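I have a structure here, written as structure tokens, and I will follow up with some questions on it.
Labels A, B, C, D, E and F are assigned to the chains in the order they are written; within every chain, residues are numbered from 1.
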Amino acid sequence: MSMNNLGIVKRNIPRADRAAIDKLSRFGVATIHEAMGRVGLMKPYMRPIYAGAHLCGSAVTVLLQPGDNWMMHVAAEQLQEGDIVVAACSADNSDGFFGDLLATSFRARGGRGLVIEGGVRDVKDLAAMQFPVFSSAISAKGTVKATLGSVNIPLVCGGALVNPGDVVVADDDGVVVVPAALAQQVADSAEAREINEVGKRKRLAAGELGLDMYNMRETLAKAGLKYVD
Amino acid sequence: MSMNNLGIVKRNIPRADRAAIDKLSRFGVATIHEAMGRVGLMKPYMRPIYAGAHLCGSAVTVLLQPGDNWMMHVAAEQLQEGDIVVAACSADNSDGFFGDLLATSFRARGGRGLVIEGGVRDVKDLAAMQFPVFSSAISAKGTVKATLGSVNIPLVCGGALVNPGDVVVADDDGVVVVPAALAQQVADSAEAREINEVGKRKRLAAGELGLDMYNMRETLAKAGLKYVD
Amino acid sequence: MSMNNLGIVKRNIPRADRAAIDKLSRFGVATIHEAMGRVGLMKPYMRPIYAGAHLCGSAVTVLLQPGDNWMMHVAAEQLQEGDIVVAACSADNSDGFFGDLLATSFRARGGRGLVIEGGVRDVKDLAAMQFPVFSSAISAKGTVKATLGSVNIPLVCGGALVNPGDVVVADDDGVVVVPAALAQQVADSAEAREINEVGKRKRLAAGELGLDMYNMRETLAKAGLKYVD
Amino acid sequence: MSMNNLGIVKRNIPRADRAAIDKLSRFGVATIHEAMGRVGLMKPYMRPIYAGAHLCGSAVTVLLQPGDNWMMHVAAEQLQEGDIVVAACSADNSDGFFGDLLATSFRARGGRGLVIEGGVRDVKDLAAMQFPVFSSAISAKGTVKATLGSVNIPLVCGGALVNPGDVVVADDDGVVVVPAALAQQVADSAEAREINEVGKRKRLAAGELGLDMYNMRETLAKAGLKYVD
Amino acid sequence: MSMNNLGIVKRNIPRADRAAIDKLSRFGVATIHEAMGRVGLMKPYMRPIYAGAHLCGSAVTVLLQPGDNWMMHVAAEQLQEGDIVVAACSADNSDGFFGDLLATSFRARGGRGLVIEGGVRDVKDLAAMQFPVFSSAISAKGTVKATLGSVNIPLVCGGALVNPGDVVVADDDGVVVVPAALAQQVADSAEAREINEVGKRKRLAAGELGLDMYNMRETLAKAGLKYVD
Amino acid sequence: MSMNNLGIVKRNIPRADRAAIDKLSRFGVATIHEAMGRVGLMKPYMRPIYAGAHLCGSAVTVLLQPGDNWMMHVAAEQLQEGDIVVAACSADNSDGFFGDLLATSFRARGGRGLVIEGGVRDVKDLAAMQFPVFSSAISAKGTVKATLGSVNIPLVCGGALVNPGDVVVADDDGVVVVPAALAQQVADSAEAREINEVGKRKRLAAGELGLDMYNMRETLAKAGLKYVD
């Protein structure tokens, strides 16, 4: 076991099953998060750079240094069709690590989106390209290429652990990470939840109360809820 | 006087006059806030979850516990046509207390919007439904149903005191609370302000200076303002 | 040298060359920031109040006091065609110092936008007017007119030094300040960068890697980057 | 009912019972908050300006305007022996509204501390005077005396509703507000809790587990907790 | 592989070598972080609740739910001599999950400190007990015992991955996590660094410049540094 | 005029008069800020790393890059007896740019303190050395030496403009910057203020009200203040 995982690029990573990824892409982040048992969510400061951005794919991870986007170029070579780049920095830093040139490169190599705890720029161009990005900041500030980070090591992004090859799904509600080995199981569970919700939505729309639909009245009374006039 | 107002649902609350609410709904939050004498505004971190969201109605208040949205279901039963749910949590918490199912239920029961110091999810669906929500956070994270809060007690939301039945108005500029007893008076005053502004806008558009229109030059000179070249 | 630059309005300020401003207006903030040598950028909390807002012009600076927008009216008189008002406050304050009436006045006097470390209101109206505003906050809260600040003194806004007459450019990526004396030089440099990027974008879109295009492989190896399987 | 409670000084306010205040002063904020039923706590950003600060007394409330401490002087006249000034501002503002001169004045008039959502200065002197202050900010920035606020109106401070005459207690754990009418009841309840805790502390110190002392094992098992090796 | 790691208590965890832990305890967090290769550090918002707090031990991890400290009691039973509890919550929450009673219990069972992304209370008592705590918040607000989390699962705390049995070291500079398998190696490396620093400190104290001691002048000149008068 | 002031070290800078600096060192930041006419203050997030830290001296400025403290070593050579290093970074970054080794070096070269918008580490050692530091963050995270910044250029630190040679004064209340040319004048004015305050403090301590001492009653009445019972 090495003491230091800086300066490393892992080339062969196992990726989640494509069919499972495709199935997961049909569900919202909130549904997937519930299907996961309410774990795996990034913190709410990870936001889309344009309304309606959505992504779902297998993670290629990048550890950056503050003010330095060198490893983004290294990561580009490791992309395969459908991959999502998940980038974190060794310190909080809002610099613009990513812009339309890198997006062009990522897309050409198969990349389908970016999740970054850090800043991005050229957001108007990225929106025009419909290249989905979820970030903790937007900043025009450029970066240098001077210090090594790593590609495809496990890392913490937005407060969530991401292993290379995990499925990353993001929409207006946030970003969730599904371990590769659980992708199919979570997709199936999400589907079941969604089917189940259709019926509930219909009943609620008809005016039925959650109090009755979920049989809450007795538990509430036991817990001591009192109605007063 | 009880020491504890947790676990209480107040059923019969006085609501602001419907005609006054309707009149208030014609004015912006900035205008109403001025008409109130510059009080009653929530803090600026209360933001619409989609651009253009607007709401105006009588408040049904909900006190939540962190990570727990049980009381939202209790509140649904207390809604009447035109009500706005105003929810606060006993601690800062960005969890997604509210999503499209609850919105469906609220709407079916007469609810016309939500103001919440806390998080919400399913924002894409809520925008599609055009169900207006003003919140302090967006998060996919779900909640449990385990601990009692209260419904229709006075509470502090976004730094403002809200009593059940107060009128709550929200737009892109923020959220303002109008005590029920003042609704008509504030609506009238807002109308007067708006009429007054039409004339001012015309004069300013024609190039007249505020310095002259508001007669500021003398006061500025007295205060010591110096012009230099 | 006076100890105190409060209560001062400087009338005759040198403005950046109009042709240089016009040329700068064709480039994005990220490009201009790079062309400046990566300096002059405001902090990322300075954000557009509506998506797509863009401004470029010569700065008229305003120092405000918390909760007080008196100096905004004084500034209106100093505007010339194409000017941008850059406002800062002597303390962090999110009050709505600016709304649609002032925007109407500024526009009538030649003002073409506002950059403010502070709050603004009437954002729906401002968006409808397409009057570009970049601010650190949005708030319906109004202000008084009681305490002197200054107009056209050097000030710090969003963490950047702004001298009256500097060129201020802002878009979705942020706000950058170009000293008047450098405007032409920066515009030329930005143009050169943009031409250069066209070629790069084409190569990256064709699948060429930044690693090869920028000759990074050797430097990365020297820095110790290791590829593992 | 007036639409506007700015510019008002209420002179005769009911104060909580002195004996109840004295009894409350013996307990920590965490204990009192529990005794209250877990309500009445200010947000955690309200912090002591020096370690070990502690206060307990009857509230005289002050509503300030941003950058303006005029009402602090008006409040000084309303103080009686043992009073605590509780100040809030109509907008978030970190200016130094209070320093050693006002502390000297407050103390001379009977004031025993300050709780302020806003800034204070002269903290070294205040610590030397052992004048307890809990604030949301520290700032050397001075204020003007130009705009009216109010004294002894109900207000929201640190997210909690404070009525004049309520008991305010603050220590290293935060600030809690006890409605005047509940002061004795809460003090008694706090005392009971503290006595109860003595026994618990002894048992825990002897190595007994909370799992056993609180009989949690069965409930945990029912909730589904699983032990694995 | 289970989809859900909520509701699990792992009893037998491997712990880092005691001698390695003891050696690590002699070094500061900054030194250990450097010895690790600049990884493993928690975010800077993790702060000691009293000046001078220091801890070093083997981690017992606890995943909490917002507003709920049930799992803290479950964790107490899993403690062995010298352990440090590392707690995170499924959502940002500043509630006081921990106070002097739990500290008494932890200490009685061998616990030697707490690192928590969340709030704590009774800080005066904890300081008096000299029970070291590093947290993201201080709050008097109590919690309930209603929802399951887990004990001794891998978790993310303060932005760092923590596995049960890892060594956690914390002082005024922050908190660092050393994987159990690397503890001895990092301790040795930290010792070497510290010995090396003694010599450097002496030379710097004598007025020698880092520019000369680290031979920076040539590299700086090559990078283009220019001295002007 | 150069477009780029990165990579520059200015060697000969004018320093404020030593006698004026010595006189300024006798006054608190709040007093100096008032004497300046309420300008020149850094933002309140600039805080001392240990209670009671105080510094006053002539500024040597350093512009850093994120994650990189190379320029600190360059700055050390430019120090003269009594200088204060004022450092800012081209982006918000909490890394530990400074620790006890650099403090040792700075002190040996005449440095008497540090003001930095950025992070520092070894705070326990720095406190033991009584080397005063005011920073925006504390972090154990180390930095690299790879990218040029500048020394002794004008820069913005904590929201205030600092020119090399300006006097910087910092204490528990914050940090204030006095332009070199104004140092003597501000010191004299601060002295006058302090003498004046002695008398006021005595009168307030005797129970006289600010309302009377400052003749506020009439102005308050004119502004519309109403006393009610």
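Operating definition for what follows: a contact is a pair of C-beta atoms (placed from the backbone, for glycine too) under 8 Å apart; a residue touches a chain by one contact, two chains touch by 3 or more.
The structure displayed is predicted, hence computed values, not measured ones.
**Student:** Counting hops between chains that touch, how far apart are chain B and chain F?
**Tutor:** Contact-graph shortest path, chain B to chain F, evaluates to 2.
**Student:** Tell me, which chains sit next to both chain B and chain C?
**Tutor:** Common neighbours, chain B/chain C: A, D.
**Student:** Between chain C and chain F, what is the separation of their C-alpha centroids in Å?
**Tutor:** 27
**Student:** Taking each chain's centre as the mean of its CA atoms, how far is chain E from chain F in angstrom?
**Tutor:** For chain E versus chain F, the centre distance works out to 32 Å.
**Student:** Distance-wise, how many Å sit between the C-alpha centres of chain C and chain E, to the nearest whole number?
**Tutor:** The computed centroid separation for chain C versus chain E comes out at 41 Å.
**Student:** By residue number and range, which residues of chain C touch two or more other chains?
**Tutor:** Answer for chain C, listing residues that touch two or more other chains: 38, 44, 90, 92, 94, 139, 141, 147.
**Student:** Sort the chain contact graph into one of these: line, ring, star, complete or other.
**Tutor:** Chain contacts: none of line, ring, star or complete; other.
**Student:** Go through the chains and record each pair that touches.
**Tutor:** A-B, A-C, A-E, A-F, B-C, B-D, B-E, C-D, C-F, D-E, D-F, E-F
**Student:** Looking at the complex, which residues from chain A come into contact with chain E?
**Tutor:** 1, 3-6, 36-39, 43-44, 90, 92, 154, 156, 159-161, 179, 181-182, 185-186, 189
**Student:** Can you list the residues on chain B that touch chain A in the complex?
**Tutor:** 7-12, 50, 70, 72-74, 76-77, 94, 96, 99-102, 104-105, 107-109, 119, 121-124, 137-142, 145, 147-148
**Student:** Residue numbers of chain E touching chain F in their complex, please.
**Tutor:** Its residues touching chain F are 28-30, 33-34, 38, 41, 44, 47, 51-52, 171-174, 176, 197, 200-201, 204-207, 209-211, 214, 216, 220, 223-229.
**Student:** Under the definition above, what is the set of chain F residues touching chain A in their complex?
**Tutor:** Against chain A, chain F makes touches at 65-68, 90-95, 139, 141, 144, 146-147.
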